[in-house]
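The same chain A turns up in both complexes below, where it pairs with chain B and then with chain C.
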Partner chain A sequence: MRKRYILEVIDGYLFLLPFIISVAVFLIGPLIYAFFLSFQNFSFLTPQKAQWVGLKNYLDLLHDPVFIKALSNTAIYAVGVVVIELILGLILALIANSNIRGKTFFRVAYYIPTVTSTVAVSVIFLYLFKADGLVNNILSRFGIQGPVWFNSVRFALPSIMMMAIWSSVGTYMVIYLAGLQDIPVELYEAAEVDGANEYQRFWSITLPLLRPVIFFNLVVSIIGALQVFDQAYVVSRGNGGPLNATMTVVLYIYNKAFSEFDMGYASAAAFILFIIIMALTIIQRMIFKDETN
Partner chain B sequence: MADVVFKNISKIYTGGVKAVDDFNLEIKDKEFIVLVGPSGCGKSTTLRMVAGLEEISSGELYIDGRLVNDVPPKDRDIAMVFQNYALYPHMNVYENMAFGLKLRKTPKDEIDRRVKEAAKILEIEGLLNRKPKALSGGQRQRVALGRAIVRNPKVFLMDEPLSNLDAKLRVQMRTELAKLHDRLQTTFIYVTHDQTEAMTMGDRIVVMKDGVIQQVASPQEIYNKPSNIFVAGFIGSPEMNFIDGHITVKNGKYFINFKDINLALPEGIAKTINPDFINKDIVIGIRPEDIHDEEMFLETFPEYTFNAKVEVVELLGSETYLYLQYDGIPLTARVDPRSVARSGDMVKIGFDMNKIHIFDKETTKRVMD
Partner chain C sequence: MTKNKSPLSIVVFIFACLYAVITLGPYVWSILTSLKPTSELNSMLVNFSTLTTENYRMILSEFPFLRWFINSAFVALVVTLGNILFNSMAGYALARIRFPGREFIFMIVLGLMMVPGQIVMIPMYILLSKLGWVNTYYGLTIPFLTSCFNIFLMRQFFLTIPKELEEAATMDGLSRFGIFFRIVLPLSKPALATQFIFSFTGNWNSFLWPSLLTSSESMYTLTVGLNSFYGQYYQYWNQVLAGTIILTLPTIIVFIIFQRYFIRGISTTGLK
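Here is the complex of A and B:
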């Protein structure tokens, strides 16, 4: 019996081996190495000069004004994008789930941006929001002098946020839609017979039963928002400008690592982001305890 | 407590499917009425029209004298129990039952009183804090009933409420529902595809097929005088035997004839038969329990007997089913378990001619009183 059990276990791990190897080599390995690097003064150009610096990278980061700016930009971006995305996604899903005409068209229309490359989307937005682009052109017809959007310290980050919302709200809509269609029709009928009007049915049936889906969307969108990179990179041509207005944490890490080749410092920044995401996820899990099991 | 009146109610879905066709019925106050029929017969649609969950295509529906065609469900003063219970999964039992009252702004202590009273009637007092997923099927069923009871509605609507329960629990709940009806003194409209439920629970039964009412009558009458072949076959288990044949008259005496068999009809029965159908194509119906193989019967009524071949014998303990064949005609007999018939035997059997049913082969309608 015992021998057979051991053989079975070996069989199982053999099947898992390709996955274990790839994860170990391309994910866990680099992760551990990055953690190790974060305590070193390490440059690609001069790896032989690497030296152990303890927590210096971390301490320096906390006093680095650009990193602090990147953190605050990312936080503003995350809060704005997550809140609007989740609410807008739900509204769109409710529309797409209702019995209006042409709902299939709406479902497709809202989802298309999601399957479009973010770089392509960013380039299109650059054109739309150019100083003499389509958006300002339309605004000028109403007598409004549009800003220079991506080149304005004030509007650059909100522009990126709009773009992000536009391009990813479809994903959340689709997930909400699946959640909405999972709610049995009889529950609405029972509530209707019980005397609930449409508004009451939304608050007492739809929303509570959608909680697991809302939780899922919240986690995914927060993690996504904190890792914002490509839109900021394309719009600012990699420098996080104007005046670091579009500098995000991941963009900062990228620049440190691959422009300045300061791998130790970049690794430390990456681990700070990791800790933030981890902490937020743990807090969410505690708040939505019921939904996670 | 209210009567429900259907006047020429029809339901036509977009695409022209007629789910309910010219439904006319007066349900009396405090009556327990059962709509029964095979799936797709329109019984659930009819119930949903009463609930207001389905629009009425044409006709008029009155609850307690009020025309309710355009009244939304919440203002109809009805409560409904759904087939899969439709309990709100995120609310506990108490909240599930209180929900309808809360929406109606009933005072808190009144809600509490009513929920606890209903819980007591249904013996679910110990479950009030549980969520539906922590309940068994039978308990969920009770909560669904409780949700309806607390509302104290004029009409109770039940859409196959027992079909998700196991057989034993179903039998138990059947009697409990009947008791509940006695206790609440409210009009019950109950939909089922199970003819046993219909027979045991209803004051009156409405048998439906393809959206059309086939017969409305008490369980006894439905069973003893089915108005057509469909009703005769649908109600009763095992199903009634049907045999193509004729009615013949010889020297003023009536006979039924099929194949080479001629069985005399008792005078009392003969009198009730519509004489237009003499020598016409008819269908003879006889219930399995009206086919006998015991000595006593065969000796008393030798003119009702003939020989048939036993194909299969099913022993059920309290009774025995004989699956017989006579010249290509299959017959099912429900006989005393002491019967000695075994498969392959030729046995003498007799029809209880006082219990015979005769239908017009063409219209399938009953042609006797």
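Here is the complex of A and C:
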């Protein structure tokens, strides 16, 4: 019996060995290192000159107008993208779950943008939305003079948001879809017997039972949105322009660390993002616990 | 509820079609443009008699698109196979094997699930450059072989497999590894397919890491290559879009192949 227990323990750790090594070397180790870097004046080009500077990086960041701009852009982006995705995703899931003709076609059609590379999506949208592109051409037939979308200080960020919604709403649709399929059919049948119409069934059965799914989608999409990088990088050719209109937090970190090699400062920015994301995760865990109790 | 008769269902059907046009339209327009000769690029019309595959031939022969495609395919397949094996093993241990420290490791998985990789891009770059792995296939694959998110997904799935099957196999004298490879994995196709889609598309489409970790053109993956090609030749939209279609098609094909398992995989893994 004792021998069997020991074998079981060995098996357990053997099965986990690749994960333990990989997470220790490539995630936890770097995370700790990044934490120390964030208190240093560290440049990749002259690592021997690194100095301990305490909280200076963090304090400087709070007075750095470009970082503040990056934070506010990222927040605007996250709120706009998340709200629209949660609503549109639910509408698409309801369609894909109804007995509509061509159900599989619609599911695949709505999900395809999600598996498309953000670089490809950015290039396609840059083409569709260029000054004399297809979209402005269609708009001009209705007498509307379209803006220069991605090159305009006013429209660049909303354009990236629109692109992000187009390309990732499918993810949330699929998670809603799985949630919809877990709702027992009997509930709808009982409601139908009681004479409830489609709207009543949606508001009193579907929506309340989807609450945990909606909440899961909310947290996952906020966390995803806070990390936006690819689209901003491709659209602005890496500089977050025009006039920092598309500067996001991750793009800011990337440029500080790998163009200016100011890695201590960039690490502090990364940690501020990390703290924001962890706070959101902890809030989610706390509310989730309330829901299950 | 009669099928497609009520006014509501007609409105829904029209909306469904309109949104399908919004999602698929950009692909159709891009494919058509990628087939246009440069002389007709500025026209809003499509002249079907002049469409040509010349742009594809051009970028595959005159530019390293083929090399980038092979790099992307190699990296995405290695990372995906590693993920499927290692995440399934870890998920299985967390779901089924009893040993001290299991709850602690599971808490680490849950805790790290939401930690975005970008947070560690600076120390990771320093580490990989110390190892001499920048601009090599090692750097592009080895750091990405496991994922906390997919381990969680596999654990949730394995919890739904009836224990009796494994107990019977133990009676027959099968080892843990035997049970795992011969009994558990074959029963896990929906979860494995879901993981394949997430992992393959995630790595094929990855842009931040390969742009950080590659410096020579011959090591670029397709996303990095396309971005650099676009930067230089953005006025040749037909060629840029041909490259974009080459980048786009493989993940769509993978998705269409695995999609029938996909939603089942998501609902049985309790990914909510």
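Keep this in mind: the second predicted complex is superposed on the first by the 270 of 293 C-alpha atoms of A that agree within 3 Å, B and C clash if a C-alpha of one lies under 4 Å from a C-alpha of the other, contacts with A are read in each partner's own complex, and residues count from 1 in each chain.
Here, a contact is a pair of C-beta atoms (placed from the backbone, for glycine too) under 8 Å apart; a residue touches a chain by one contact, two chains touch by 3 or more.
For clarity, every value in this text was computed on a predicted model and none was experimentally measured.
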Clash or fit (per the criteria above) of chain B with chain C on chain A: fit
First (chain B), second (chain C), both or neither touched by A:E186: first
More chain A residues in contact - chain B or chain C: C
Touched partner set for A:L27, first chain B, second chain C, both or neither: second
Which of chain B and chain C A:D194 touches, first, second, both or neither: first
Touched partner set for A:M278, first chain B, second chain C, both or neither: second
First (chain B), second (chain C), both or neither touched by A:F15: second
Partner chain(s) touched by A:I205 [first = chain B, second = chain C, both, neither]: first
Where chain B and chain C come nearest after superposition, their Cα distance in Å: 9
Residues of chain A at both interfaces, chain B in one complex, chain C in the other: none
Residues of chain C that touch chain A when the two form their complex: 1, 3-4, 8-9, 12-13, 15-16, 19-20, 22-24, 26-27, 29-30, 33, 42, 44, 82, 85-87, 89-90, 92-94, 97-100, 102, 105, 108, 112, 114-127, 143-146, 148, 151, 176-177, 180, 197, 201, 204-205, 207-208, 211-212, 222-223, 226-227, 230-231, 234, 237, 240-241, 244, 247-248, 251-252, 254-256, 259, 262-263, 266-267, 271-272
Residues on chain B engaged by chain A in the complex (per definition of touch): 51-53, 72-74, 78-80, 82-84, 86-90, 99-100, 103-104, 147, 151
Chain C-facing residues of chain A, complex: 8-9, 11-13, 15-16, 18-20, 22-23, 25-31, 33-34, 37, 44, 91-92, 95, 98-101, 105-120, 123-128, 132, 134, 137, 166, 174-175, 177-179, 181-182, 198, 212-213, 216, 223, 226-227, 229-230, 233-234, 237, 250, 253-254, 257-258, 263, 266-267, 270-271, 273-274, 277-278, 281
Complex interface listing, chain A residues touching chain B: 184, 186-187, 189-197, 200, 204-205, 208-209, 211
